[in-house]
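Next, two complexes with chain A in common: one pairs it with chain B, the other with chain C.
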Partner chain A sequence: MTNANVVTANLDARATKSRQRQRIANRVLVYAVLVFFAILFLAPVYTMFLTALKTMPEIQQGNLFALPQNPSFQAFGHVWSEACISVRCTGLRGNVLNSFLMVIPAVLISVSLGALNGYVLTKWRFKYDNLIFGIILFGSFIPFQIVLIPMAFTLGKLHLAGSISGLVLVHVVYGLAFTTLFFRNYFVTVPDDIIKAAKVDGAGFWMTFYRILLPISWPIIMVAVIWQFTGIWNDFLFGVAFTGGENQPLTVALNNLVNTTTGTKAYNQDMAAAMIAAIPTLVVYVFAGKFFVRGLMAGSVKG
Partner chain B sequence: MGNLAVQDLTKSYGSVHVLKHINLAIDEGDFLVLVGPSGCGKSTLLSIIAGLEQQTSGSILISGKVVDTLEPKERDIAMVFQSYALYPAMTVADNIGFALEMSGVPKPERLVRIQKVAELLQIEHLLQRKPGQLSGGQRQRVAMGRALVREPKLFLFDEPLSNLDAKLRVEMRTEIKKLHTRLQTTIVYVTHDQIEAMTMATRIAVMKDGLIQQFGTPSDIYDRPANTFVATFMGSPPMNLVPVTVEDGQLIMASGERLSIPVGVNAAAITGGKLLLGLRPEWIALADQGAKDSFRMEIEVVEPTGPDLYVNLNFGGQAIIARLPAGESVKQGEYAQFLIDSSKTMLFDADTGMAL
Partner chain C sequence: MSIAKRLRGSLPLFVMAPSLTLIGVGVYGFIATTFVLSLTSSRMFPKFDFVGFDQYVRLFSNDRWHIAVHNMVIFGGLYMVLGTLLGLLLAIFIDQRIRAEGFFRTVYLYPMALSFVVTGVIWQWMLNPSLGIEKLLHDWGFVEAKFRWLVDPEWAIYTVVIAGVWQVTGFVMAIFLAGLRGVDTEILKAARVDGASPWKTYTRIIIPALRPAFMTVLVVEGNLAIKSYDLVIALTKGGPGISTELPSTFMYSTTFNRNDLALGASSAVIMLMTVAAIVIPYLYMELKDDKR
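Entry: the complex of A and B
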């Protein structure tokens, strides 16, 4: 080996080592940032949960981040079946049921219809289909507040005012714009030749949808379901505007519970009620969340 | 199996005429290739035959029966798509059996037929896989299997080999031809590749601008092209076209060289005017000094391809290409004597492009 070669080899080794050090430093930085933000976002949940487990005197000591001395689920039990919401003192359980009675049909119907809309708009093209898609798309830009009065009028005409079915209808109508957009953009990436092949093979409109398209649509179905579920479950405005009394969904009841105070504010109960309201969306995210990201990315990368 | 007739078919999108009065007829067992440059209307014609698009006017007959108003599934056809169009969520076996399932064939019979086709195409070991786990060539076979299993009257192929690499394309070409010979099926095959057309077809329809330029056997098309478009589109390198005029019963080039009128042309029918002499590269050969219809030409470039030499010649100021057998002693930059075979050459009208 000549002198020059030795020098180059040394330089190479040094460069490799410094590159490695650089890489480790980057890694540490990335994780530090991630951990910082995770703590930042988890802190409210942490205090919520701990406060719900504490007794009132303990809360009044003001140690927000301290662990509870005698953890108890008593507050959960109370808001579930005894707490007073306005004048009724039956807890939140009826409203939880209401919310499920609202969210399940509303999600199923809006996702199914959105899937069908997307299928027709991409694979059974007709005159002015793009115009119609544009109009549907426009629906997703309309703020909730604008539709309140016309919607109340419509529900009245349909004799659905104040009922859970009426609320389902409102959420389906409002959600269709989004679910149609999701499915349309997903199905547009499915090659038309597949649909033609199905036609030649003798599959009709429904068979092609059910056997060919649906089995490859689960990422976007997940996206639509999560989107609709969280949106509808967490909705407050439509719930408070279109239902009353015992038909109110959980979000409205939660608001009323927190605002119905006699004497001191029961923070542990408020927090327990808020936890109950948050659990279903958390569960949906935990179980379907990985599909959510994958679904949002679908079509951008082949495979 | 059946025959196919296309009668006075037109297709327009608004004022754009994609197909203009197409007439075609093939017999049972024929292998028809529709060939032409992109945008010539060949794929549209195939889609109309399949029933995936509706014609503006005219008729399609399969086995003598008008199918104009029938859905694709009622036409007794099967189609292989350029993108293969396999159903991504189904196994290979389900892909192949889907059409049978749709037409209500009971499961035991379905399995037997899927197995038979899989054996024929040597894809038995792939039956339980999903399309995503297959290579391009394997997907191609599955797409063929999906068509074959139905035993339809008519097979339609839409550029089925254009997504394969060159080597696989040649293999599949041979395989499709073997299958055709073995099963004696009627096939309509769309391609832009003139070599695929020549090698596989029993009938070729050369299309351009929504018109059939020529419809005939591969040898008709190659040896007797109907016009200059067909002459230059089919064959690689293309037919040489040399401008000539007629004088005293002979052809004369601008540079003064005189050639015999092609044997196949009736000399009396030539009324003068500008003409083009059509010369396939292999109709030019090395000759002895002074031989009839032989000329001294400059050898500008020699391109050896292995079996052949493509030789670019300067023929009285015209650049032409000759195909000579490998091993001929021709050297770049030298002059040599070349013979033009007037028993094969053709004449075209320079204005209309039509063969005389």
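Entry: the complex of A and C
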């Protein structure tokens, strides 16, 4: 080996080393930023849980992140069955039931109709189908304030004012745009040849739907169900505008509970109530979120 | 054509008829009704005496509405800018072939699963002037620290921004991440061969390639911002005073609490037109190049 070669080899080694050091520094930076934001994102829910487990004197002495000395679920028990919401002191359990009675039929109906709409719009195309899709789609963007007044009077005329059935109807109407969008974008990717082959084999409208499209639709059904479940469970505007008293869904009751406490505010109870409202959608998200993100990504960004 | 055949031919339209009826009435019919109401002098109940655009004149000379619009500009602007920047940053960092990608994605995205009411209640507690973040800073040794935005009329609107950005960032990240994964790897390889620095690769190639994702993000954020109602109600109730009033809270309280139906309707029409100005061009573009 000549001298010159040794020198270049040395230089190379040094360059590789500094490049390596640079790479490690970059990695550290990347993870530091990611971990920092992870803490920032987790902190609010972490402190919600801690606070719900504390007693009021403990809350007054400690701070947001101080661990509870004697963790207790008393606050949960209280808001579940005893806390007063406006004048009724029966806790949130009735409202939890209301929310389920509202969300289950509303999700089933809006997802079923959305699936059929998507099927017709992609596989039984007709004149102006794209325009009709656009007209449906626009419904997913309207600020709901624009329909509140007529809807309030319409529900009254249908004798559904203040009822859970009324809320189901409202959520079906304004969920259709989303469910139609999901299924339409999914079915568009199913090759038309499969449908044509089925038609040639004598399968009709319903047969083709049940035997050919439904069996391959599970990913998008998951997306539509999760989207509708979280959207309807979390709704506040329709709940507060169209129901009162006993029929209020959980989000409305939570807001009333937190904002109508008289005397000293029981922060532990507020946080316990917020957790009860958050748990169903968080559970859905943790167990099924993977499918949702996958489907969401496929549907929302082309290319 | 036989009757049976013709019936079968129109079956698809029959199938869509219930949905189209519900949307026709519930979306377009109700929009028309609200617009008509905004041209009347209805108070507690609809009454159809046309007064032209008087309600809009009243609306735009209403101080409360001015505050609401002003707040909308601050909240909407910061919400969109911060949400987009943070979401993009997180997406780029997550896209660096890191370990535990699934964990970080889950953590950033979970706030989107929460109700705005829950988010508002949690942040009301975090921002509590005596027991919240201020107390935390005191306990950590910053005894002089003051953090009372929630009860300060000048600053309260920024608490809505904090909570809103916290909730939306993960969603923005997910959209950008999908966009990043879709960038043509051949172009990236070519850039590396040409010796382009990572900074240049991002600013010159990758971010411009994310244009469709930016469009989606901005439309979704703008739409969420204008609709925002629950978050403000749960976090500040529009207060202190009316310092965090937004068009959505203005519309609701004007219509249902102050029994000024026509004025409420006119504010809803303005809200709809703002959303339409953002959304219709977007939908048009999306559907135009969607003819597969």
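Before moving on, here are some points about what is shown:
Going forward, the second predicted complex is superposed on the first by the 265 of 303 C-alpha atoms of A that agree within 3 Å, B and C clash if a C-alpha of one lies under 4 Å from a C-alpha of the other, contacts with A are read in each partner's own complex, and residues count from 1 in each chain.
Here, a residue touches a chain if its C-beta (ideal position, glycine included) is under 8 Å from a C-beta of that chain, and two chains touch if they have at least 3 such contacts.
No experiment lies behind these values; they were computed from the predicted model shown.
Overlay on chain A: chain B and chain C fit together in the combined arrangement. Of the two partner chains placed by the overlay, neither chain B nor chain C lies in contact with A:15. Contact with neither chain B nor chain C is seen for A:97 once the two complexes are overlaid on the shared chain. Once chain A of one complex is fitted onto chain A of the other, the partner contacts of A:33 are limited to chain C, with no touch recorded for chain B.
Touch criterion met: A:44 reaches chain C, while chain B stays clear of it. For chain A, the partner that touches more of its residues is C, with chain B and chain C as the two candidates. Minimum C-alpha separation, chain B to chain C, in the superposed model: 7 Å.
The touching residues of chain A, when paired with chain C in their complex, are 30-31, 33-34, 37-38, 40-45, 47-48, 51, 59-60, 63-66, 113-114, 116-117, 119-121, 124, 126, 130, 132-139, 141-151, 153-154, 170, 172-174, 176-177, 180, 188, 204-205, 230, 233-237, 241, 251, 254-255, 258-259, 267, 270-271, 273-274, 277-278, 281-282, 284-286, 289-290, 293, 296-298, 300-303. Considering their complex, residues 50-52, 71-73, 77-79, 81-90, 98-99, 102-103, 146 of chain B touch chain A. Listing the residues of chain A that touch chain B in their complex gives 191, 193-194, 196-203, 207, 211-212, 215-216. Looking at the complex, you find that chain C touches chain A at residues 8, 11-13, 15-16, 18-20, 22-23, 26-31, 33-34, 37, 46, 86, 89-90, 93-94, 96, 98, 102-111, 113-126, 128, 131-133, 135-136, 138-139, 166, 169-170, 174-175, 177-179, 181-182, 212-213, 216, 223, 226-227, 229-230, 233-234, 237, 247-248, 251-252, 255-256, 261, 264-265, 267-269, 271-272, 275-276, 279-280, 283-284, 287, 290-292.
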